[in-house]
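Order of writing sets the labels: A, B, C and D. Residues in every chain begin at 1.
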Amino acid sequence: MRQRTVARGIALPHLEEPLDPTKRYRTVRAASEALTAPLSAEDCSIQSMEDASPAKWHLAHTTWFFETLVLETAEPHTSAFEHSFRFLFNSYYDSVGEQYPRPHRGLLSRPSLDEVLDYRRHVDERVLALLAEGLAPEQHAVIELGLHHEQQHQELLLTDVKHALSFNPWRPAYRAAPPAEAARAPTLRWFDFEAGLREIGHAGDDFAFDNECPRHRVFVEAFQLASRPVTNGEYLEFMKDGGYERPDPWLAEGWHRVQREAWKAPLYWEHGDAGWTSLTLSGRHPVDLDAPVCHVSGYEANAFARWAGGRLPTEAEWETAAEDPIDGNFVESGEFQPRPSPDVADRPAALFGDVWEWTASAYTPYPGFRPPTGALGEYNGKFMSSQLVLRGGSCASPASHLRASYRNFFHPHQRWQFSGIRLARDTR
Amino acid sequence: MRQRTVARGIALPHLEEPLDPTKRYRTVRAASEALTAPLSAEDCSIQSMEDASPAKWHLAHTTWFFETLVLETAEPHTSAFEHSFRFLFNSYYDSVGEQYPRPHRGLLSRPSLDEVLDYRRHVDERVLALLAEGLAPEQHAVIELGLHHEQQHQELLLTDVKHALSFNPWRPAYRAAPPAEAARAPTLRWFDFEAGLREIGHAGDDFAFDNECPRHRVFVEAFQLASRPVTNGEYLEFMKDGGYERPDPWLAEGWHRVQREAWKAPLYWEHGDAGWTSLTLSGRHPVDLDAPVCHVSGYEANAFARWAGGRLPTEAEWETAAEDPIDGNFVESGEFQPRPSPDVADRPAALFGDVWEWTASAYTPYPGFRPPTGALGEYNGKFMSSQLVLRGGSCASPASHLRASYRNFFHPHQRWQFSGIRLARDTR
Amino acid sequence: MRQRTVARGIALPHLEEPLDPTKRYRTVRAASEALTAPLSAEDCSIQSMEDASPAKWHLAHTTWFFETLVLETAEPHTSAFEHSFRFLFNSYYDSVGEQYPRPHRGLLSRPSLDEVLDYRRHVDERVLALLAEGLAPEQHAVIELGLHHEQQHQELLLTDVKHALSFNPWRPAYRAAPPAEAARAPTLRWFDFEAGLREIGHAGDDFAFDNECPRHRVFVEAFQLASRPVTNGEYLEFMKDGGYERPDPWLAEGWHRVQREAWKAPLYWEHGDAGWTSLTLSGRHPVDLDAPVCHVSGYEANAFARWAGGRLPTEAEWETAAEDPIDGNFVESGEFQPRPSPDVADRPAALFGDVWEWTASAYTPYPGFRPPTGALGEYNGKFMSSQLVLRGGSCASPASHLRASYRNFFHPHQRWQFSGIRLARDTR
Amino acid sequence: MRQRTVARGIALPHLEEPLDPTKRYRTVRAASEALTAPLSAEDCSIQSMEDASPAKWHLAHTTWFFETLVLETAEPHTSAFEHSFRFLFNSYYDSVGEQYPRPHRGLLSRPSLDEVLDYRRHVDERVLALLAEGLAPEQHAVIELGLHHEQQHQELLLTDVKHALSFNPWRPAYRAAPPAEAARAPTLRWFDFEAGLREIGHAGDDFAFDNECPRHRVFVEAFQLASRPVTNGEYLEFMKDGGYERPDPWLAEGWHRVQREAWKAPLYWEHGDAGWTSLTLSGRHPVDLDAPVCHVSGYEANAFARWAGGRLPTEAEWETAAEDPIDGNFVESGEFQPRPSPDVADRPAALFGDVWEWTASAYTPYPGFRPPTGALGEYNGKFMSSQLVLRGGSCASPASHLRASYRNFFHPHQRWQFSGIRLARDTR
């Protein structure tokens, strides 16, 4: 049983923009399969909660996207690879049709992983042939959307696998790796931003999701933003100060959740003889006090911020401070774990990568938002309730997937993403 | 058994501002008891869901507020009316101490209604004595808060009684009354508002809740606002067009709720031989097609707006359009049911009263919001997650309780308040 | 608030058999009302769990029984007291029609307690008039059944009130009374019973429920039966020996329940500075080590018996040992609490009264059992699954209601009845 | 995707008794692996409900039984194949230690199926070596118990796979086979049995489970037993007569279940254009009207019997009628589906095999039952609550596993076993 934590290597292709569409298609699609390389067919089949999906399902669903939304339109007379996939691998597109029940995705032992990989090859050949023939701009746009969609699922695939493997008492490591070299987190400083009318949202012709549009004016009061994300060491201070034992820093719903689910620490933390350890995709390791805290819910982020005398930034504040081009610790580093932030003099560091940063902003439509018609209109707009915006990307996000205007969103109780905390505060 | 729908009369005192504090205290406190006059002790004890509370509990909790937050401070050496009430009638103030479990409030046959009325008299005497002696401004402020708090509970008392009585197959009427005279809803028109930097939130020295502060700048794009709330007749068109049968106008969480709870119409509507009827506090009556639709959730409001080609207004838009002094159909009319809107030429009508208007805005803190310290800091701030703002007040709100800056908040699935729909749309 | 534990007196009429039917009717009906005398209308309205019903509901349902099953047949042209009662107060008789949902019984603030008492008077007058006129034997039989039905509900009324009041932090006492005089439990001895073919079940013309019939043969192996029920002191030994902390004495379902509901002691027990106390209908008192243990589930009874090296008796064994006429501590004693057993030389003591004794027998039909046709066929037969038989009656049972052949039945997890333990063991 | 229903062949070894222990061990162990031959590693990993387990888990748990209960005792100094398996594959033996949570068995992607097969080989080698060396009688007895335990799990493996695959819209067949040749069910007749004192339970030296002991006397009244199980055709009559739409034939708990889970037919039945079809391990086929009805709960069995004017037999009645040697349609036929019963003149046919027959008897200990000490005492005794006894074995039972005294047991709501109905009735 020595093999239980040995992973085959993961070689993730890096994208160097701009790429021609064919090359970009090949690269993104190959990355999904590279991410499943360390996993067995059995690993790829399990589903540990309704929020998560099996890796095999991610591989199939991203392919379904191209087959259903590109090939069905471009080649209406070609029959489907397998008729039932239209139903099995539809996530939530009511306008496409009914969906296999989400909580049962882990029961799909058939199709096998091999059959899903066949499906990928089949669809890839057809899409690549279309790309070779030349396509209308609107078809290119759907392919581009499909690739960004696939990159989202690459991140989910990693977080879902991490969650699923956490139920295995063997604690199998997704990736065999030595712990990263120790680094120290720089002292936290505050950067000042003046009040003023700002523009946020996506501008220009490059790809963006509909929920980043339209670019619009917003008045932002003066504020301060922390120089780096909150570290595990800082979060431990909160815990030692009774953070999980007293209601006062918490939102009411957050405190209710703390009690109902007996939260004592971030997800994946455990306390033992050697102190606090955390489960990573490379196995269980002592918590690195200098690295950004990770796998906290929006409730925990809010409570920590209040305890620390600050607050979470709004998404407009965050976007005011962030600028492309982006740089950071993304999935391509192959570490799958946030690193201590670098020490940068003149602006907030590590806004991109490492951890998604919870904001104080509810996920609502921008003024003038108009979702596209048809199935693509279901992509983002119908989820604009009860969720919070997160910004910046994580150590599991593909670098080419992110932008300053990018809006990720999760419910405030969810913790299985690589989500962390950036503090803001009112200018005094 | 002929008596089952006979209600004793309700005589609600009207407040004419400005009142001296003593008179205002007496008037508000008397109104709570006037609202329970048509109810038996048994009626006042029942709790039909965790969101609602028995009328007796409302009478006691509002008294607890004065005893705990005013008398305990002003007269620290005077013993409590009854020690256990500190626990029994604490709603959610963790800093005051533990709370009797909310879902069990309907099991409190003791204290009896009479004992709770004794409790009220006892606390009233002591508060009135303090008012006669003269109080520090900060004590006056807490009493003022306590009176607004009591007015909130007066509205909840009515909506909770309506909900509780709806479980009784006798369909007892809270109020014996002939249906109101028929009136026609005016044609819906749109009012234009230009883009610009606005100020919203409370200004001045009058009372406001902490969540209305601070007044702050916000940029509002050009928009249009409907001249009146959506009517039952208009909502029926949505229903006839399959509104509850097709997912496309719905937020995903809303559609999930429609299916899980088998929603087919607003709360309290029933379809029978005579068409659609609705339960009111005066019994079951045919749905008045000209009156504002009521008892819809935020999900239904959102879906209707999308179906109608509009959207819900943001709270900044709503406040841009609203101006004090307010006028409308409030609890003092004694009708407890929304009326067809008046026809007003130059501005949106019926912004206040009749129905609370769901906005598109999540209930989040205003820039610079700082809750007070101590127990009063728990009043509003800790509920700023997963809820939506509603504006304007309803036919169950006391008139003197409302303001243009007033922010009410409920979860988007909740329907037992007098909540309705005002449409907005982008300027084309 | 001094009144909170003061009960008006309870004067329960004793039945001295044989009574003429009219006298018996008056006496049983009066007893139900006497039991509610210490309760307010609010007390009579509350329902603390789905298994229990409000006292007001018991008063109404037992009256419904006579109206629906006697008066409707005898006087088909007389209209109902109130038509909706046929639905509201039908417990589970599908052949009579639909039923108001059981979990909502506590929401019925209307009809009021006074109206229910009016209902009782109205039905009583009509039944008494019929009795005066003379009735056919089958009508007499239904009245007799109705009276036994009412006596069952008298016991449930007491156990349901006890459960409901236990949620009130005031711990209101149903009955103001000094604790009973101390008595010592006699040493436990064993009585031997030989193997042989026995007859069990009801014989003769007196009243019995259908589930006690037909009398039939059963082979009973030799066994021993304990001289008295298990005491609180003996049960405490089990607890001190880790009874609730280790799985080995438990049935799997019982152990699951212990863990899921965090059972640490019998229902109503609490541990404080003064040791173990128990809630009684006379308030909270120290656990009497000599009195029979009470409010234990069938799982606890089974686990205790196994721990003690014995087992529960089968119902055939129990009935072999029991003989009419019965004698014991019943509801008429007005104590509502089991007493230490008397010391009897020649036979097992306290088989009747004090506590219902859990048996090892599942509640299944006797060979040849045939339920009556019509509504009365639903009385017992349809509950013959997943329940255990209890024997002997309790301190809350009317004396005239019991027989040696009487079969009570509850699910093995239920604890709110006055249920205790009698040990048996195989003859060695 | 043509492969989706192709199964590799299943070649089940037949046992011809008496076998020497080594041969018997090899044969039984090989049969488990033969049953998983048609399944992929992914198929073997899924768990569709808490009552069921993945096939891989069955393979591992049955091996755990030998390792923990035989090898640990016989070779205390030899280390475990893999230490964590003691926890992972312990089903419910508290005296052995803690158990991996049952609802999460489907999340165990590791160990892989191959690793579990290695585990089996390793344990088999050690057990076979012990058998070659010669063992004490009590060790032989545990091995014998382990083999019967494994045969129980072989049946569960099949029923669990059937349930798991039923969630797959592909409806993959476990076994590719033509439907069996049509046969007609013989007319139902009744056999008379006289009243008398009988002996039931296991006698002699052959293997039996503890719950079949001790053999004891029981008085059985005269009864009649049906000549064969109830057929699908007969069950359809019940359905056509509103069997699932009216409460009168049902036990109250059964009717509650019918409504809550919207039962309309036996498990796996579907109604379509071609009438009723049923899912079998060979795919979906029209319901065979002549074959015994299968996959009915105890509630359905009871309701059918009552509707048909009969009742279910007690286990004593059933055992009175059954005699070894047994004969019937067992797992070795490879059909995995009940067959129309043969026409036998002189005694009830098909008592063994085809379908387990629900009895009216609760699963309780026989008089004098004494479970063994230690872990083996947990095998049967702790499940003796809330379950019913089934008798006779099914088309998924190994022939050598059954006896006339065999007591199977399930909860009355469970339907995923091959469970059917044999009618009894009182002698008139």
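As a working rule, a residue touches a chain if its C-beta (ideal position, glycine included) is under 8 Å from a C-beta of that chain, and two chains touch if they have at least 3 such contacts.
Values in this document were obtained by computation on a predicted structure and should not be read as measured data.
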| item | value |
| --- | --- |
| Reaching chain C from chain A through chains that touch each other, fewest steps | 2 |
| Listed pair (C-D, B-C or A-B) duplicating the A-D contact set, over half by residue number | B-C |
| Farthest-lying chain, centroid of Cα atoms versus that of chain C | A |
| Inter-chain centre distance, chain B versus chain D - centres from mean C-alpha coordinates, in Å | 59 |
| Whole-Å gap separating chain C and chain D, where each centre is the average of the chain's CA atoms | 39 |
| Chain centre separation in whole Å, for chain C relative to chain B (CA means) | 46 |
| Junction residues of chain D - those touching two or more other chains | none |
| Touch relationships between chains, expressed as pairs | A-B, A-D, B-C, C-D |
| Residues of chain D defined as touching chain A within the complex | 1, 4, 40-43, 45-46, 48, 81-82, 84, 87-88, 100, 104, 106-113, 115, 164-165, 167-170, 172 |
| Touch list for chain C against partner chain D, complex | 92, 94-95, 197, 216-219, 221, 247-248, 250-255, 298-299, 302, 311, 314, 360-362, 364-365, 367-368, 382-386, 412, 426 |
